[in-house]
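Common to both upcoming complexes is chain A, partnered first by chain B, then by chain C.
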Partner chain A sequence: MLFFKECKKIIFSLVFGIYCIALFGVYFTQFANDCKNPMEKPVAGQADYGTIAKEVPEIMMPSAIEGLVNEYLSGEFSAYPYGFYKCVKLKEKDKKKLAEIITELSGISAETLENFDDYEPSGYITKEDGSFVYIDGNIPEINIPSTLTYEDFRELMRKADKIIGGGSKYSDENIVGNFSRIPKTYEDALAEYEQFCKEDKITGAYARLFCDYMGIVLSILPVFVAVFLAERDKKSSMEQLVYSRKISSAKLIFTRYISLVFTMMIPVCITALLAYAKVKSIYPDNAIDTLAILKTAVYWLIPNIMASSAVGMLVTEMISGLIAIFVQSAWWFASVFASSGKLTGSIKNFTFVMRHNALLGRDAFQKEWDIIIFNRIFFTVTSVLAIVLTAILYESKRRGVFNGFQVRVQNHRH
Partner chain B sequence: MAERLQQNFFANHFAKVDKKLKSIVYDDSIAERLCYFFEGNDWMENKIEICHVDKYYGRKKALKNVTLTINQGMFGLLGRNGAGKTTLMKCLATLHSIQKGNIVVCGIPMKNAREIRTITGYLPQDFSMYPTMTVQESLDYLGLLSGMETSLCQKRTEMLLKRVNLIEHRHKKVKALSGGMKRRLGIAQALLHDPKVLIVDEPTAGLDPEERIRFRNLLCEVAEERIVILSTHIVGDIEATCEDIAIMHDGKILWQGTVSELLENAYGKVFTVNIDKKYLPEIKKQFIVTGMLVQNEYVTVRIISENMPEIGANPTEPNLEDAYMYCLYSNGCDVSGGV
Partner chain C sequence: MDFKSVSKIIGINLKHHFLPHFILSLIIAFLTPIIFGTSSLNANESAQPLEMLVSLTGIVLITPIFLPEQNKNIRDFMRSKKIAYLAVCALRLLYSVICLAIIFGIFTGCMAYSECAVTFRHFVGGFSSALFLGALGFCLAGISGNAVIGYMSSMIYYIVNFALKEDLKNYYLFSMSTGSFHEKYWLIFCSIGLFWMTFIYVGIAEKYFR
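Up next is the complex of A and B:
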């Protein structure tokens, strides 16, 4: 009964209305926008089936060396240390070290690199019609020494990455994706499509895309609703009336927490049903998994809602609602940017905002399955522990033992 | 039967020697042991025992060795703003911890906060409810927090709303209620779970005279079946409702007894004198002035003095305000800022 009262309190609040608008906004502008056309079955004889990352030394070595020389001559290196984009400019000492590595890789002497004045960047540029075109720049001629083995090449690239500061295109994580892409064959494309239809049953693939978009907003928005609920007693001058009641702090806090997670899942489930309807409308003749989006949303998104709400409730009890929003925003920002460099296949044990911004790539996702299970259980358990701590703090406040850190600071001032 | 008789004997015996005993028990450890003895005894079920309680806010001592016995009926706690009344009320409602001493509410020690909350209703000084909830919804919600069954909660809500004259406003949102209506809703929420103890902190502050009288009468009615502790700085509220009172000052209990005993203490210490207006500053310097009535060039001043002043003053019957001021004065409190 208390659960329903708490749910009602949340549902009829302004902040929950804003939460719903934001959630539906993301659904319509992102996910629904990506679902306008169905994925076409590959046809034999097509000009292009896209590319695929595959570790092929013969492709990777010249391409990566050319990339390194280009960046060296431009004086700027793109990197994503800790997930954030960084334009790295090297000091003279590091430049010399890198020049030595380039010499070993390409046969270009350090002097040539130093005195090369006619540099023109090479790479893909975007034309007015939106298509990409490769431009041959002007860099010194590369002659990869015949004695350079693939292992030596990878080792030198690791050193180069270290000099740049980590997270560069030459790191172990990024080098294949950046420099070793091969065109897909008809068979590759067909196999992927078959997997999309048969193993993912279409909605399985769309479920990952749905959760990718929704996960971003559901890792930040719940903190606002949680802070609103946690501060409502205080704002309404009702704190002491609630404190003096018989109900145990654990029961009250857990009921409020479950109500929060439950109510915030309602619009998620509605958008999941809308997503199903949308997918069904573009694949009317295919057999699709009816509950795939809903099931994926449950295990993927609930831990995000739980963690964000738990941070909101805990930090509000401990310090203040404003600090809770700040803490969650910082965590969210760091997490989103940490995975911004690689939107698929980058889920780690403690990745808060899981990304898989692609319809295909079931294999990459399945490869990470154990990590994903650990990750989701970790955030669920941690959130519950945070709520246990919140209940302890709440009881201490009720008994006048603890008044929040902010209050103590004020007391010192007096 | 024999056991029951024995308990009754001890109950009566302790009730008689209670006051005297506490006046000689200054040793905290003895006081605490005494309070532990009180715990769980049947004869303690309609009584609150506060034994040598100290409470600190940081380094500031808000309650200083507070010792008090509160029996069934209305009990008034009188004192200036900042005397420590609200702190004591919050301690009784288990919303504040104490650093020393012990509190036993109807046989339940303070450490069992949840049990105390079950039998206690609390109306804080400053409170409101969720503004968008209706009167009925607010009480339903608080009933749930008190662990009440829905049907019982509905019955008591209806009964209490009738009693506090809010039944016609049950579907009104809290934000639309007047100050007086909010106070009445406050008393209804405090009585919702039928508590044995009702703690009411400054309930009439900000109410108009009519609302104040209505509220005081309501408190007297509910005090027939429970302990009601009324904390206030308004002497009129105490005068109209309480027989047993305590006066607090600077975190200490200055005095505890009945209203008539307080008045008795002030007997022969209150005088009126009719003087020229120009002598008023001099009178204020020399005496505690508790009232004055200006008539043209003259003013009739009500003063407190240990001895008969040699300025043509006449002794007069003390009222509760005079007695309160005399109590503060006789206990060495600074009362120079009188009328």
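Up next is the complex of A and C:
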């Protein structure tokens, strides 16, 4: 049967071996490394339970305005528009626009901002003995107008973020995390722990962490396997032989695709079982959900494998394997680095590499549940459509009406 | 091999095999300032775009040295020629490395112009990371006889650098971004070692079992 033949071909290929090594490598160096010790139950009376980001206007407004004034006076704005750090320096025209916003927010006039020469940045400095000390900087006095409502403040911050170029500390995504952090209480910490044990049944939380790590590599490696197999026919000059066979293009392409996705899921399922065993070993006495990791892996990771393989097959058939690798790598880069600034609660409708790099934070994940469902269905359906297109292109090649884009260029010349 | 043959080989290879890869590497270089900030950066920040993005041009330029001969017809044709196959590959490697250096030179120059604190060390540091990524892909593509294996291995190694900084020690690609430079000597020497080893292996393989 063709399906088993294709599976055998994939499993015994060198590229699949490398794929498995990479997957197991990620499992052992990342996930298993995070599962060395169980999560401790919070104890009453601890000095620090960490902080949480919570939208509190009274905290956020003064600290965000101070941050903006500081950055304005330093002349440099930190931003992560594509996940990477970007030091933004504004043009004079934009600086003027931002000065107007700062005046509305802080009451500091544009002239004061322009002529303020004694600026000193605030922050931590290292003393001679190696200890850190926080120093208050020197900026003009801030008087937030009493007429400034919280809604107006957020709107002005959005405008400031737009002037900076997006991805700044003042964007909707970052402002709460950067300027509105409050200390966690014992009750908060205990509630989170209870949620981890009772609602997530422990493995639910580890399942998200497992998929977070695995999703990074499973969003790019399948393209190599798909391209390798598609190119193998060309390399061994088998294309013409396959073209002449009786089997329909749709059946051939879909069987190949299904066998690709199926074989690539095998090591994922093995690592999911290993992950379950690992979690069980560190929580021997707790009631845990046996299938949680496997279930999460299926709905979270299969669409990634499907999409990456589909890009590999489609673009190889359409142009070349090299371009397929380039396209998938570019997509992977854009997706991974776009979410690198915020590793939880940042899943959007079209986020390809979904991130949730935390054991806690079930609420943030549940809040995005509808988006996640749409997202995964979207990538599944798009992948299937891409394979339909691949089958059409393959059929056109078989009939001799299309031979990749290179031939089209030659035809135009004639 | 006389000068005329060398220039003819280089001309044909540049036109038919090198151009698409060179265009892809230029696209990466042009995209870098959009993704990263490349103006007024300090020394460590300046290393980031060079090591984390422009270094990918090494994979694109150096890994596919053996790619044309993946086509059986071209391979048979190459074998029938008087000039040794490995000599042609060495020429391809030479001009690819030179183009890589040119890309890094221009990019570092542009960063200097944009008031970044870049020096010659940044050029060498970024170039060495790119060279190592390329050499790794070149080596595995040469040994496996398939460029996809080379691309895949280099890409995995690149990703590994984001996760296993401490474990990679002297082979850490992004060391300059953390203020350390001695890893770069290791990367350069290992790249030369990988090139050398691959040529020896491919030479033996061509002679006895390909």
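Definition applied: the second predicted complex is superposed on the first by the 386 of 414 C-alpha atoms of A that agree within 3 Å, B and C clash if a C-alpha of one lies under 4 Å from a C-alpha of the other, contacts with A are read in each partner's own complex, and residues count from 1 in each chain.
Here is the rule we go by: contacts are C-beta pairs under 8 Å (C-beta built on N, C-alpha and C of every residue); 3 or more make two chains touch, one makes a residue touch a chain.
Predicted, not measured: the structure shown is a model, and the values here were computed from it.
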item	value
Partner chain in contact with A:T29 - chain B first, chain C second, else both or neither	second
First (chain B), second (chain C), both or neither touched by A:R398	first
Broader residue contact with chain A after superposition on the shared chain, chain B or chain C	C
Partner chain(s) touched by A:F337 [first = chain B, second = chain C, both, neither]	second
Which superposed partner A:I182 touches (first chain B, second chain C, both, neither)	neither
Touching partner for A:L221 - first (chain B), second (chain C), both, neither	second
First, second, both or neither for A:F12, with chain B first and chain C second	first
Which of chain B and chain C A:S244 touches, first, second, both or neither	first
Set intersection of chain A contacts, chain C complex versus chain B complex	236-237
Parts of chain A lying in touch with chain B, wherever the complex brings them together	1-2, 5, 9, 12, 232, 236-238, 240-248, 252, 398-401, 411-412, 414
Sites on chain C touched by chain A in the complex	20-21, 24, 34-37, 39-41, 45, 48-49, 52, 60, 64, 70-72, 144, 146-149, 151-153, 155-156, 159-160, 163-164, 167
Interfacial residue positions of chain B with respect to chain A in the complex	57-58, 90, 93-97, 113-114, 117-118, 120-122, 124, 126-132, 140-142, 144-147, 150, 189, 193
Sites on chain A touched by chain C in the complex	14-15, 18-19, 22, 25-26, 29-30, 76, 79, 81-89, 216-217, 220-221, 224, 227-228, 231, 234-237, 321-322, 325-326, 329, 337
